[in-house]
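Should a chain be cited, it is by its letter among A, B, C and D, assigned in written order, with residues numbered from 1 in that chain.
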Amino acid sequence: MLEMSSFMEVALRYKVIFFDSYGVLRNFKGVFSGVSDMLKTLNSYGIEYFVLTNDASRSPQQLADKFHQRDVFEITSKKIISSGMLARDYLESKVRTGTVVYLGTENSAHYIETAGLKTIAIRDVDLETAENYSALVLLDDEGFDWNTDIAKTLNLLRKQNMPVIVANTDVTYPVAKHDVNVAIGAIGDMLEVLARKTFIRFGKPDSQMFSYAYNHALRKTKITKRDVLMVGDTLKTDIIGGNKFGVDTCLVLSGNIQPQNAELLINSTGIIPDFICDSVIT
Amino acid sequence: MLEMSSFMEVALRYKVIFFDSYGVLRNFKGVFSGVSDMLKTLNSYGIEYFVLTNDASRSPQQLADKFHQRDVFEITSKKIISSGMLARDYLESKVRTGTVVYLGTENSAHYIETAGLKTIAIRDVDLETAENYSALVLLDDEGFDWNTDIAKTLNLLRKQNMPVIVANTDVTYPVAKHDVNVAIGAIGDMLEVLARKTFIRFGKPDSQMFSYAYNHALRKTKITKRDVLMVGDTLKTDIIGGNKFGVDTCLVLSGNIQPQNAELLINSTGIIPDFICDSVIT
Amino acid sequence: MLEMSSFMEVALRYKVIFFDSYGVLRNFKGVFSGVSDMLKTLNSYGIEYFVLTNDASRSPQQLADKFHQRDVFEITSKKIISSGMLARDYLESKVRTGTVVYLGTENSAHYIETAGLKTIAIRDVDLETAENYSALVLLDDEGFDWNTDIAKTLNLLRKQNMPVIVANTDVTYPVAKHDVNVAIGAIGDMLEVLARKTFIRFGKPDSQMFSYAYNHALRKTKITKRDVLMVGDTLKTDIIGGNKFGVDTCLVLSGNIQPQNAELLINSTGIIPDFICDSVIT
Amino acid sequence: MLEMSSFMEVALRYKVIFFDSYGVLRNFKGVFSGVSDMLKTLNSYGIEYFVLTNDASRSPQQLADKFHQRDVFEITSKKIISSGMLARDYLESKVRTGTVVYLGTENSAHYIETAGLKTIAIRDVDLETAENYSALVLLDDEGFDWNTDIAKTLNLLRKQNMPVIVANTDVTYPVAKHDVNVAIGAIGDMLEVLARKTFIRFGKPDSQMFSYAYNHALRKTKITKRDVLMVGDTLKTDIIGGNKFGVDTCLVLSGNIQPQNAELLINSTGIIPDFICDSVIT
């Protein structure tokens, strides 16, 4: 039998908390009530926190706005570490010049442009001049026509060798209690096989996400990895990623995993959280 | 160095020839000139032949019509063994009753209906009554909206456990000299991972395709596997499939594989044809 | 809730039964008591049966002897279809000449020699004359030194391109109630990745195994696929393989699958048997 | 055509160089002559360097000794970042107490013991008391009997859920000009599939290795990622890993990749180094 913990009792043992967003602080209906109070309590104890999210569809400011609209003002854009930020940093440090082709909405591309790069939507790409493009970045599942633009992307990669960045490794995301959408990570997985290239992925469970957040935290407070707790609802991203990075991990049952399945899933995957809680607000 | 053979010299040693269609008898421009004469020669020597094709988008009659339009009347619908025929047989023998959901054109679905089953396009499916559907079949990459219907298919499989049949295992197909389209097999591969189910696939290199053709041939003439030659342009479907089934194999360089890459590809994949020819018409 | 059936009531609806061996007719302790009587009943009703087994470590005669030692004389060598038989047929029809390198016991190699080929154990191979060997066949997990001979096999394949046959696709096999051994199929999977070659595999769930058995049955009695029932304890080999071949399938819970897990496993894999029974002897 | 660079001209543009070891500084014959002089030149320009190696079979001190034996005293144990160090840190921060089971030599285990943990070789494990072990770590391909201990490891994981650490992700390593050995990473890949668990891997191309080295460098000198060059002979570990971490990369052709294959491999993998040099000593 799994031992359940009270989230706040666990949290108070740490100096820094990393939260996953979806399934932990919010779901398809909106932000969980009680999140604002929970964060105020952490603030009152001087506990720092960050939100680590596999999302490249919006800038950190836009992601924070989603919380502000629900009166959770504790989550500012500075608190948000997104896989889109890692992708943007990669483009800035490694691609530097030229035009980057993107799959996603104009909104997602706008954020990439802050790296000083020109962007072009896949639909507007001219395959006859494929050598003009310096990288391809997969940002969001919306904003392009799958029937035509997935094949067009494949043909672009067949004509011109370039770095391909998958800015969100998630393969699905929930849109209703029982329904999901296919996320851009799944399109990336398909294209990588078809193009027979090695893509560069950003997002949990990769340690780069955790490293980025940890270095952010280090600028504010003197900590070691033992002072950090990763809180998430998904074993294969949040928990294995936190474990590997070397921080303690807490699984919450308010998202992907139903309470009655938790033990089976932990045993069958071999991914073992240090703590299990119902949610961050109970 | 690879030893090249004359196709007709090789072919005359056998009693039955299995031809792949695309890249062997035709390409994106149409049927190769000379195919009709080549088949007439086989006929004159009493050599039987069949076309084995990973195609579920059309009935054998419609596939044969494509040849007739180019004045190749030697290929009748009786000569064609398609992965769609195997899928149709499966539905007839194993599903038997109920309504089958399909991804593909109405044209592809019409052929499935000859198995005595009702069909419904994924767009018309009501997820609230998912228990009404007895199987899902992936027929063609056209005829549905990828942006919405791939996720709808996934949600259908999450709601109701049912057999899923991928009626064409190809992941891409050529549409111009350097351009490809994404085939329904690639959508099947993506959905199988996302749904975490085991799908049933029909098509080369699976031995069922060869077995079906071999049994067809047996009805016409007394043969053993040593009397059969498989001719194809793709190592990973035609050649490995033929090899495994136990018949001799002939790689032609008129399709997927450029002559200068043939040796490298054979060595790097370990898939070794018994013969290599420029094409079936030289 | 799963609907359970009585095995004999199900069996009597068919003309031919295909049995998996391990977990269905026997386990690590020996042949199930009652199997002889069950087979006698089938005989009395004129129902034909065959044993389909992923085993290349022994000849059909030796496999039958195991049953005879337990007084089950109904299973003769003629009733046994093993993946080793398919591998042997492949070598006979496609390799024909030369020396075949094997991983396995001398016993397993002896059977391959009946195809008219010379064999040599991997330990005796001279890598300096790699061009002398015409194929590699993986027969059994015993009979070679894994610490040295797995790497030696890999180096052989790096030096000389040749067909590689995996004569048993199973990756583990039970040796006690809770313990397994690693089977030669797992070694094959590892070597295929390391050598970056495409291996040829024989055994369930591949349809070739079922096709072979079906053709055997056809020689004795006039049947269609609707007259055949596949009985097995493993969803991923017996049941999906039988389903795909187009015959009815019956899952028994006397082997790999515990009764309390059956429904979960069927739902989570999407592999749906037509019937479920406790065992073939109840 | 690929543009070739002189290594020293490239190196002098950076403040910190990360070197892969095998194929870059040494091969199966020993350390390349000229390495000591090259490192002296870097020292004279105030350029810092580290050796990043996927090796868990020895401590950094023992790895450095290998260089000292060849009179390359510029590489001290402080200069070496090994995947074994990351595994050791993981065990120290996340496992903390109990007995760790290992696959490898006693030598490799000795280093793990510096994390304050007891260790036990797989051969000495008692499967009846599996609950006594707190983690499993795969260190080296030597030091255990593959025929028996791989299955024993699998049975241990079937009995007891525990973190599994693969301390070297390499799947082969060269032992002669044309021969390789199978590395512990390949055993890890096989066991992960058989046990159906998620293992934790340390080593290039994972960004944790680069992050660890980068933080080491930061302690000595003020740098950004643009000041760092990763030099390696392998696209799939050194180059993709460096690229993803955001530093410039230099492929050398003195190891895994033959000069005549470099362009083909870069195009076929899509892994693009910023520079290509013959070796670090020319």
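One rule holds for everything that comes next: contacts are C-beta pairs under 8 Å (C-beta built on N, C-alpha and C of every residue); 3 or more make two chains touch, one makes a residue touch a chain.
Here the structure is a predicted model, which means the values were calculated and not measured.
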Contacts common to chain A and chain B (chain labels): none
Geometric centre distance via CA averages, chain C-chain A, whole Å: 44
Distance from chain C to chain B - Cα centre to Cα centre, in angstrom: 28
For chain A, residues that touch 2 or more chains besides their own: none
Chain-to-chain touches, reported pairwise for every pair that qualifies: A-B, A-D, B-C, C-D
Residues on chain B engaged by chain A in the complex (per definition of touch): 127, 145-147, 150-151, 154-155, 158-159, 171-172, 178-182, 186, 189-190, 193-194
Touch list for chain D against partner chain A, complex: 89-90, 93-94, 157, 161-164, 195-200, 206-208, 211, 225-226, 235-236, 240, 243-248, 266-272
